[in-house]
Amino acid sequence: MSTRIRTRQRSLGLLAVVIALLWMFPVYWMLNSSFLPYNRIRASEPSFVPLNGTLSAYSRVFDSNFFDTLRTSAMVTGLTVVAALLFAFLAALALSRFRFRGRRSFILAVLIIQMIPAEGLFISQFKLLEGWQLLNNVIGLSLLYTAAVVPFTIWMLRGFVNGVPRELEEAAQVDGCSRLQAFFRITLPLLAPGLVASGVFAFLQAWNEFTLSLVIMTRPENMTLPLWLRTFTEANRVSDWAGIMAGAVLVAVPVMIFFLLVQHRMTSGLVSGAVKG
Amino acid sequence: MNRALRLTAGLAAAALALSACGGDGDDDTTEPAAEGETAEAPEPAELRLWLNGPDTPQPMRDWLVAEFAEQNPGSTLVIEEQEWEGLVDRLTTSLGSESETPDVVEVGNTQAPTFTTVGAFSDITDQVPDLGGDDLLQGFVDAGSWDGKTYAVPLYAGSSYVFYRKDLFAASGIEVPTNMQEFVDAAVKLKQDNASVPNFSGFWLPGQDWRDGAAFLWDAGGDFAVEDGGEWSGALSTPESQEGLELVQRLFNEASGAPKDANEADGHIPFCAGEIGMMLRPGWLRGQIEDPAIGCPDMIANVGVFALPGTDGEPAPVLLGGSNIAISAQSQNQELSANLLELILSDEFQSQYAENGLTPAKVSLADGLGTDEFAAATIEAVTNAKLTPAAANWASVEGSRVLEDLFVNIANGGDVQQLAEEADADIATQLD
Amino acid sequence: MLLLPALAILVAALGYPLYRQAVMSFQDYGLAQQFGQPPEWVGLDNYVTLVTDSYLWTVIARSILFCFANAAITMVIGTALAVLMTLVGRGPRLTLQIGLLLAWAMPHLASLTVWQWLFDAQYGVINWVLVNLGFDGFAGRSWLIDQLSFFVVATVIVVWMSVPFVAFAVYAGLTQVPDELYEAAEIDGASAWARFRTVTVPLVKPVLLIVALLQIIWDLKVFTQIFVLQDAGGITSQTNLIGTYIYRLGLGEGEFGLAAAASWFVLLLTVVLSLYYVRVLVREEEL
């Protein structure tokens, strides 16, 4: 490698690091603020480093039933991710492996669904869950979340299924598998990256959603994390900013763990799906 | 017990059970069924009470829960704290739901008409005398009444008064103002004398803060909207309103150093940073200044208060803040809810609000506020306080943020006459 | 048959609400109806009210402009960062990826609060930095009061939030381009830009198209960021986009029928506007 190219790569590397730092700045600011006493969070002289900071925000946050809320959020998110992936997987199989009437319109309908302005919809969705007695219910909320992410996951997964050569399934069928068995034994493992990529998306949607959760989960014991985080905004007639930021750090940690576990596979996953789609 | 009321409640519940298409018949545990007619006490149940924000402190809540359980054997009270933000979304959906409605809810006094006029609350006209009758803060009863019937009663009130820095007043040689003219002069002079402090406000008024700016509009004899033969129309371009808004613009320009488009949240931060000479705030600002974690307790010795004086030297009409309380029309526990309402408006509970610096729902209990400077300012400010126009659709005006826009534009140096005419047109469509 | 579960959940969770929205859009449906009064059938009145309101058209035009600007900026930055990831060593690449991941994972309440603080007129870090760099004019300057500057701030926030998704998706696409193609192009003497244009772009085109379409859809629906910024400052009537407009009609003003009509109207408009694009996409995919 010539020195010219190496210098270029090094300066590009520097650029990447600088951009990364810029992009992370708001995240750093959240972390920084979570350690600051109240009067230093918003002041004429900003505190860029939490020198002489305090951990008191974290103790406040842990004291306010964080773990119960975490459980509710984990259940809703888990249900949503699993249901969305399963349903989208089946639909994606149908859409890329079978030709049938209405297939095209289904694909288009799925796309159009994503265009619906959602701001007024929650009142009707509330009425719907009321009729089914699923208000204040993890399953009810998961149902709405699943419907919200399924269109996107179908589109994503369809691309991935297209990427798996049909011949593999046919070979398995020759070996005596039924068609469905062939899907589950051969295609499913090859789709792992695609499932992970769509799963991350579904996870983030369900984890961070606020409005539906606000109107559906009205009982305190059913709070999800975004609602819980919101309780710090009026804790003492003034927002407990450090508490909000400390809480947000805690909310973000599970997401980061999930990310880091799957990040590697997600990268290769998006490839095979999208390109060969 | 009021038998007629109970009968109505029973009938209403039965009707609701019939009309709920999703009902599958096995939720008979909560149904106040026919046998409730003969029994002395109502069916024991768990009652849900929604209280908003931190205005009702924990000891008061504990007292309420314990007392309710004692007076209504077998029943329990659960208090669920709500945030003001997003409250309307929740009320709009939950109050309409037979199964998930809270039984008793607190609403902001300006939100009350929105829900009383649409049938979200139970009619409690017959109960009002038991709850305090003429002793109740009349403005709040009016806000909770519609078409001759009362649906919501006051919970507590609070009005803003002026917090000022005694040391800065002394440095500028200013006395506590006794009328509007002196107040404005003081505000302008303070800003001039402290020009070296960045962002300094002689009188702190962020651009979106029409709720505190309203005092100047009303003091000049103006109003947001007026009723004429059942028709509401915007009144911001009348000569009186114009005079008030011109004054607001002058305050924005010459007295305030607050951002011209910010909201009024977190005013104690610039105050504690020494950037404010005077500010019109609710009484709880004192608690924030005194709180070592968020405020500046050292400064409290330099803090004085007075009720904003009007042009005539009487207290100026400031916006009357506070909450109403009401029973959800869909509640399955109407009678228990009525019991709870009575308990909430009892002298014993209400006087605890006074001890916490809020104006209680009953006029006779105002003495409980105490006798110090703060109590005097609280009492005085309420005497002449005013509510937003009592139009059924007033909440729409607030929801569309016409008034925030108007005040920001005024703060930003816009033409007051023209802006007011535009706002009047907007208000007219909203109230229509 | 495999479609059934997905179809069922979509019909179950969205079918009835959409149907109800459609019905409401032909009714005079306000808060009173929400609490049980029978709604009055008003036919096309809501639609007529909307279409003849010049403000709606202003909002739509503004939204479309905002949407395309944001989608374009997001796509360009996202793609550029993806290309950058392929060009640098492992260390810088991981740093960049983690930076983007963190931004993506940050809860919205926290990120929107932090952005408000950064742009705060009096205590904001951005003004503080500018003043310390010698730009005294920025002391106490409000970033939101001016319409253009409001949307610049909104764009910064929206782009900041959406770039991670685009960057990862496109990066994934890029890693799949066989190195041999680049080498062949290099031997032919193609410049770096020419190689990018002739080799890379065609190969990642499908992913670019899908991601761009999703960005356009999402940016047209942007709501929270605008809503929060309006509360912090600025002039609401100058800064409403479709999302906040419908919200204020519905919950703010209690005009649910009108809001429902606006939703349906906007949906139809979106479909019409994206028709051409979708057809390109469909052809590209050999649907």
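Per-chain residue numbering starts at 1, and chain names A, B and C are given in the order in which the chains are listed.
Convention: a contact is a pair of C-beta atoms (placed from the backbone, for glycine too) under 8 Å apart; a residue touches a chain by one contact, two chains touch by 3 or more.
Keep in mind the model is a prediction, meaning the values are calculated, not measured.
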{"item": "Most distant chain from subunit A by Cα centroid", "value": "B"}
{"item": "Comparison of A-C and B-C (more C-beta pairs in contact)", "value": "A-C"}
{"item": "Euclidean distance of C-alpha centroids - subunit A vs subunit B, Å", "value": "39"}
{"item": "Centroid distance [mean C-alpha coordinates] between subunit C and subunit B, Å", "value": "36"}
{"item": "Whole-Å gap separating subunit A and subunit C, where each centre is the average of the chain's CA atoms", "value": "16"}
{"item": "Shared interface positions of subunit A, touching two or more other chains", "value": "42-44, 123, 230, 233"}
{"item": "Set of subunit B residues in contact with two or more other chains", "value": "89, 92, 198-199, 269"}
{"item": "Two or more partner chains touched - positions in subunit C", "value": "34, 122-123"}
{"item": "Subunit A residues within the subunit C interface of the complex", "value": "9, 12-17, 19-21, 23-24, 26-27, 29-30, 33, 41-46, 83, 86-88, 90-91, 93-95, 98, 104, 106-108, 110-121, 123-125, 127-128, 143-144, 146-148, 150-152, 154-155, 159, 197, 201, 204, 208, 210, 225-226, 229-230, 233, 241, 244-245, 247-248, 251-252, 255-256, 259, 263, 266-272, 274-275, 277"}
{"item": "Complex interface listing, subunit A residues touching subunit B", "value": "37-39, 42-44, 122-123, 126, 130-133, 135-136, 211, 214-215, 218-220, 230-231, 233-239"}
{"item": "Subunit C - residues contacting subunit B, complex", "value": "30-32, 34-37, 121-123, 139-140, 142, 144-145, 230-238, 248, 251-255"}
{"item": "Of all residues in subunit B, those that touch subunit A in their complex", "value": "21-22, 53-55, 80-81, 83-86, 89-90, 92-94, 97-100, 102, 198-199, 265-266, 268-269, 272-273, 284, 287-288, 291, 293-294, 296"}
{"item": "Subunit A contact footprint on subunit C (complex, rising order)", "value": "1-7, 9-10, 12-14, 16-18, 20-21, 24, 34, 81, 84-85, 87-89, 91-93, 95-111, 113-115, 117-118, 120, 122-123, 125, 128, 160, 163, 165, 168-169, 171-173, 175-176, 203-204, 206-207, 210, 213-214, 217, 220-221, 223-224, 242-243, 246-247, 250, 256, 259-260, 262-263, 266-267, 270-271, 274, 278, 282, 285, 287"}
